[in-house]
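The same chain A turns up in both complexes below, where it pairs with chain B and then with chain C.
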Partner chain A sequence: MVELPIILMELANMLVFIIVVLALNLMAGYAGIPNLGMALFVYIGAFAVAGLSVRFAIILVNILNPDFIEMMRVTPPYKYAVGESSILDIILFKVTDPAVNRHLVPELNSIIGDSIPLSIMILTFILASAIALGATLGLIVSFTAVRLREDYLAIVLLAFSEMLVQVFFAQVDWVAGGRYNTWALTPWPQKLSQSLGNLLPSGVKPELFIGLIVAIILAITTLIYTERIANSPMGRVLRAMRDDDLALTSYGRDIAKIRLKVMMVGSSIAALAGVVYVLSVQPVVKATDYTRVTWTFIPWAMMILGGIANNWGVIIGAVIVYIGRKLIEILAPPAFTTILSLIGVEVTGATIDIVKAVTVNILVGVIIILVLYLKPEGIVPEKPSKTLPRKTLNSLIEKFRGSSS
Partner chain B sequence: MPILSIDFLINGLASGAALALLCLGLTLTYMTTRVPNFAHATIAVVGAVVTLLLLDWVYIGLRGGAVYYTLYIVAPILSALIAGLLALTIYIAILRPLSKKGIGIIGLMIATFALDIIINNILTLILHLTPSKYIGKLIGASVKGYGVLVYIPILDVNIYLSRLLLPIIAVILTISLHLYMTRTKFGIAMRASIENPQLAKALGINVDLVYAISWFLSGSLAGLAGSFLAFEFPGINPAIAYLYIVSIFAGSILGGLSSMYGALAGGLVVGVSEVLIPVMIQNIYYTITGSIIDIIRYQKFISLLIIIIVLLVAPQGLAGVSWRNLLARVVRVG
Partner chain C sequence: MVKINQVTDVILEVNKVSKYFGSLKALDDVTLALPRGKITLLIGPNGSGKTTLINVISGVLSIDSGSIIFEGRDITRLPPHDRYKLGIVRSYQIPRLFQGLSVLENTVVGKDGNPGEGMIYGLLKRIWYNYEKSSIEDALAKLLFLNLIHLHDRRPGELSGGQMKLLELSRSIMATKPKLILLDEPAAGVNPVLAKEIMSMIRNIRDELGITFLIVEHRLDIAIDYADYAIGMHLGRVIAQGKPKEVVEDPKVIESYLGG
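Right after this comes the complex of A and B.
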């Protein structure tokens, strides 16, 4: 029998994917920006919780307790890694050193957990920095190609995502851990966790439960927000841009400006999804885990299967692909082991891991192509955009007539 | 320490030649069918995998010998053929039907993006399950590759034979492709259908056939480049295609995505600078400060920089710059 904590964790993970897909749908479905760099924006949210907020937290803690960094210089286990480094050196470079990070993050967590104002400050910093980083990156990345055709935009987004995540963040050790793991802060107050711990069934960690609640809140907010955009005049402008940007330009709209705006909004939503992912599912952050297969390819498959430019459709797509993926991951290894043992090839644990990933990726790829071929509009097709009711329109016309005459 | 040594120069040239072939293929399919092929690097990896499997299969324990050198002819041809057929199948079985159904450019792009990941995963599976005769599993083997080192007396360096052959093959291919495009009937038909497909169709040119041929050519050029790169690898991880595609796009964008000669030049520039610039920076840094910085692992960043600079300064690429005007202006200023 599957245990409750695992179900809750999968639920949180699925909600993260739903948020990512809603953001992707805003960019690719409504605005027609083929974002092949989603992985970068999700990763940057994860970085905001892990690499960045730890630095903010150590500064805050050092302000409240000026001996903190001094203490790090003399007490084991830090003193071997830190030595006589300057404060700036510690904050910039040593924090992500695995020898320091592993011990520092739990200690910071307990300090933050003891004081409610501190945890609120850290939480605000995490959310604000994720939004700011996401928006800035979305702006910078798309700026190079925003005036060109969509395919250039796709190439640039893919190039930035691969280079920044898989080369920059994955290789430069001091920024975000690089080749080593970094641990993320869990900024929840201790009192909250303790009182929740008494209420929750055994085995369910309070952090997971709070993360799940945050994921639910963010998913619902994102859904309401994207639905409202889709049904607003802005949504109609976005669809017009997707279908015929030349026509929209001739009506006096600046395509580049709209695209940049949408990229900023969509990227910051994706970054928030990254934050939620780290807070609820995976507190260990490593850049090489944020591959384009998991965070770009699978969200695209979810969106195409569910129905491009339909928020409810993409949610259905996300649920189907997510559950299907989990089922394959459970079912593929035993099936594969029997097949291979019939041929007479020995199976090791590493092979099973590869087979799991490979089966999922191939099937998801096949789904994308089949849906494009058989039912390009997806399970739930795009609906015509909602306009104002007749009565309101008439009264508006009356109002304008009255004011002009 | 000199700023550059001769073997780095040859390595740079080999990487540039490989990238030039890949960019040429990508640009060719982009010009004809208007689809940026995100699976192009993976098709090159298919060529590399075919060569590796062949090498492993006939490996006779010694580097050199008549059988071994024939491999330098057989393996690239076989790889080019298989990769070309794969690209052709992708076009005929998937992209053309999708395009006929009215799927737009974004949809086609996503289809190649999905194909990239499908083929890459199939390759991973094949490499993991194929028992290799001599070097253990072909993924992540730590043994030296199959490459033959050749000593060149004049320059006093040891160079992999494949790196030496690659630029030569690239030059031969470029010349023959140029002749094919300008002197043969089919080549002229091909250029016509790139210029104006409607008019070409009206004049009785089989545009579909031209498109199919261009996909086959593109795939086989990629397979050829991948095959030569494979000679020096001890094993290959297909996931390298995920990063390599960025360099291919960088070269093609630098070339302008609209001219075959532009693509060749762009690929050459990107490939050479990816190898040489980090080494140059490193050596200059060493002569100034006397300490070593390890920046070779960030070499792929140069591709990203090239993409950014080209798109901001001259989005039409090398092909879009009017060289005559530029030259006239430079002469006037000078």
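Right after this comes the complex of A and C.
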């Protein structure tokens, strides 16, 4: 019997993937921007909750209590790592030092939790900075998007994402922890957590529950947004741009501008998904965990399976691939262990991790190849943008057809 | 012979325009003018530079030298979408249809200026609903005229070659305020009866709205009766211009078609 907290966490994780896939579908499915850099945008949201907001929080706390940083210089366990460092030095470099970070974040969390205004300020900062970072990166990327052909652009986005996440953020320790874990803030007021704690079944942490609620709200909002855009004149123009951008410029549309807007919106949504992931599923943030397989290729497989340029379709695709992936992660290791033990090979923990990763990679590849070969339109195919109610449209068509006969 | 340059009311001037593809001179020092509110036919054998000229006027290709003046304004450096906003609309010889869109949607996209085309405005239905409804009515009227209305919900991939040409045409006549429409072989692959209807529709549009047309067409038998002027091209150069009959009977034009 699987425990309730695990089910809730998996549910939250699945909702995060649904948000990411909806954002990807907006950019790639509708607008035809082959975003192979999704991992970067999700990671940047995670960075906003961890490395970035911790700095904002320490500045804020130090303003309210000017002795806070001074206290860090003299009290253990901070003083060994912080020493006589300047304030700027501490804010920029020391907060992500694992020796400081793992003590500092819980302390900041309890200070934030005690004050509702502080919680609201931190939460606002997290959301605003995730949107701003996502939009800025989307803007930078779209400058290349204007000039490059689709296939080149896909490679550029992949390289851009790998370079920043797996090289810059993963190797430069002071920015976001680099090789070490950094902890994310939990910006919820303690009163809320306590009163929820009394209501929730035992074992379910209030943070997880609140995170799940946030995930549900963001997933529904994203679905409403993308569906309304899809069924507006904008949705139609995006699909036209995907099909033939040159023809669309001949009909007066500035494609560079459209791409820029789509990239900014899509990237911001992906960054918010990163925020939700950290708040509900994984509070320990490490750049190397945000791999291209998990956050780029799996969302692509979900989108292709569900049906490109169909929001409901890609949600179905996300659910199927997510559950399939979980099943494989559960079933593959024992199966391999059994097979390998038959030929006398001993299986270690490290081998099991590799088996999990490899089988998931195979799953992604198989889905993409099979769907594109057998049913390229996916489970739920693309539909015309429903800008007018069906009845109105049909009566218009009938009116014109009637006048011809 | 009447030189088109002598016509006083000119909508578009092409001055000494050259365009190279590597060492190939696709347009060689081309100078011509299009009279406002007239239908000008652009003729010439394959490879004479007709489509390149359309691409250059619509901004799809940039030029290597020369200038293009539209209503007294130098548009040489303007991107295609800005030229469209000035009123220059074009169709493509090989239809460039939006494959994922229905026939009706393909036509509606031809109309610019929908207030709902934004990542935020798209959400506000009451802002764009009336515009959208009238665009769709407009598009249905075009589809009805071009005999495509029964195919309104099909994808372009399901159409015949001639129907694709008609759909391409339907998009270009959707433009909000066109002044100059460049049509690249609108009647190719279309049956003669419908081809004549298309040409007479073009003439009606010219008469009613005063729109200027530049039409590339090989079907001279059909097109010639509807044109006001004609320009003959060969090997990237303008070799004749004037009244359609005169241009068609020009020895240089005849020679070029015979492979001279």
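Definition applied: the second predicted complex is superposed on the first by the 387 of 405 C-alpha atoms of A that agree within 3 Å, B and C clash if a C-alpha of one lies under 4 Å from a C-alpha of the other, contacts with A are read in each partner's own complex, and residues count from 1 in each chain.
In the analysis below, a contact is a pair of C-beta atoms (placed from the backbone, for glycine too) under 8 Å apart; a residue touches a chain by one contact, two chains touch by 3 or more.
The structure presented is a predicted model; accordingly, all values stated were derived computationally and were not measured.
Peer 1: Look at A:Pro34 in the shared chain and tell me whether it touches chain B only, chain C only, both, or neither; answer first, second, both or neither.
Peer 2: In the superposition, A:Pro34 contacts chain B only.
Peer 1: Check the residue A:Ser195 against both partner chains and state whether it touches chain B (first), chain C (second), both, or neither.
Peer 2: The answer is neither, since A:Ser195 touches no partner chain.
Peer 1: Check the residue A:Gly235 against both partner chains and state whether it touches chain B (first), chain C (second), both, or neither.
Peer 2: A:Gly235 sits against chain C, while chain B stays out of touch.
Peer 1: Figure out whether A:Glu382 sits in contact with chain B (first) or chain C (second), or with both, or with neither.
Peer 2: A:Glu382: touches chain C, not chain B.
Peer 1: With both complexes superposed on chain A, which partner does A:Val366 reach: first (chain B), second (chain C), both or neither?
Peer 2: first
Peer 1: A:Leu148 contacts which: chain B (first), chain C (second), both, neither?
Peer 2: first
Peer 1: Okay, in this complex, where on chain C does chain A touch?
Peer 2: 58, 60, 79-81, 84-85, 89-90, 92, 96-102, 104-106, 108-110, 112-114, 116-119, 121-123, 125, 128-129, 132-133, 136-137, 140-141, 143-144, 149-150, 152-153, 171, 175
Peer 1: Spell out the residues on chain A that touch chain B in their complex, using ranges where they run on.
Peer 2: 28, 32, 34, 36, 144-145, 147-148, 150-152, 154-156, 158-160, 162-163, 166-168, 171, 291-293, 297, 300-301, 304, 345, 351, 354-355, 357-358, 361-362, 364-366, 368-369, 372-373, 376
Peer 1: Write out the stretch or stretches of chain B touching chain A in their complex.
Peer 2: Chain B reaches chain A through residues 36, 38, 94, 97-98, 101, 103, 105-107, 109-111, 113-115, 117-118, 121-122, 124-125, 128-129, 131, 242-243, 245-246, 249-250, 253, 297-298, 300-301, 303-304, 307-308, 311-312, 315.
Peer 1: Once bound in the complex, which stretches of chain A touch chain C?
Peer 2: Checking each residue of chain A against chain C gives 225, 228-229, 232-237, 239-240, 242-244, 246-255, 261-262, 265, 309, 382, 384-385, 387-388, 392-393, 396-397, 400-401, 403-404.
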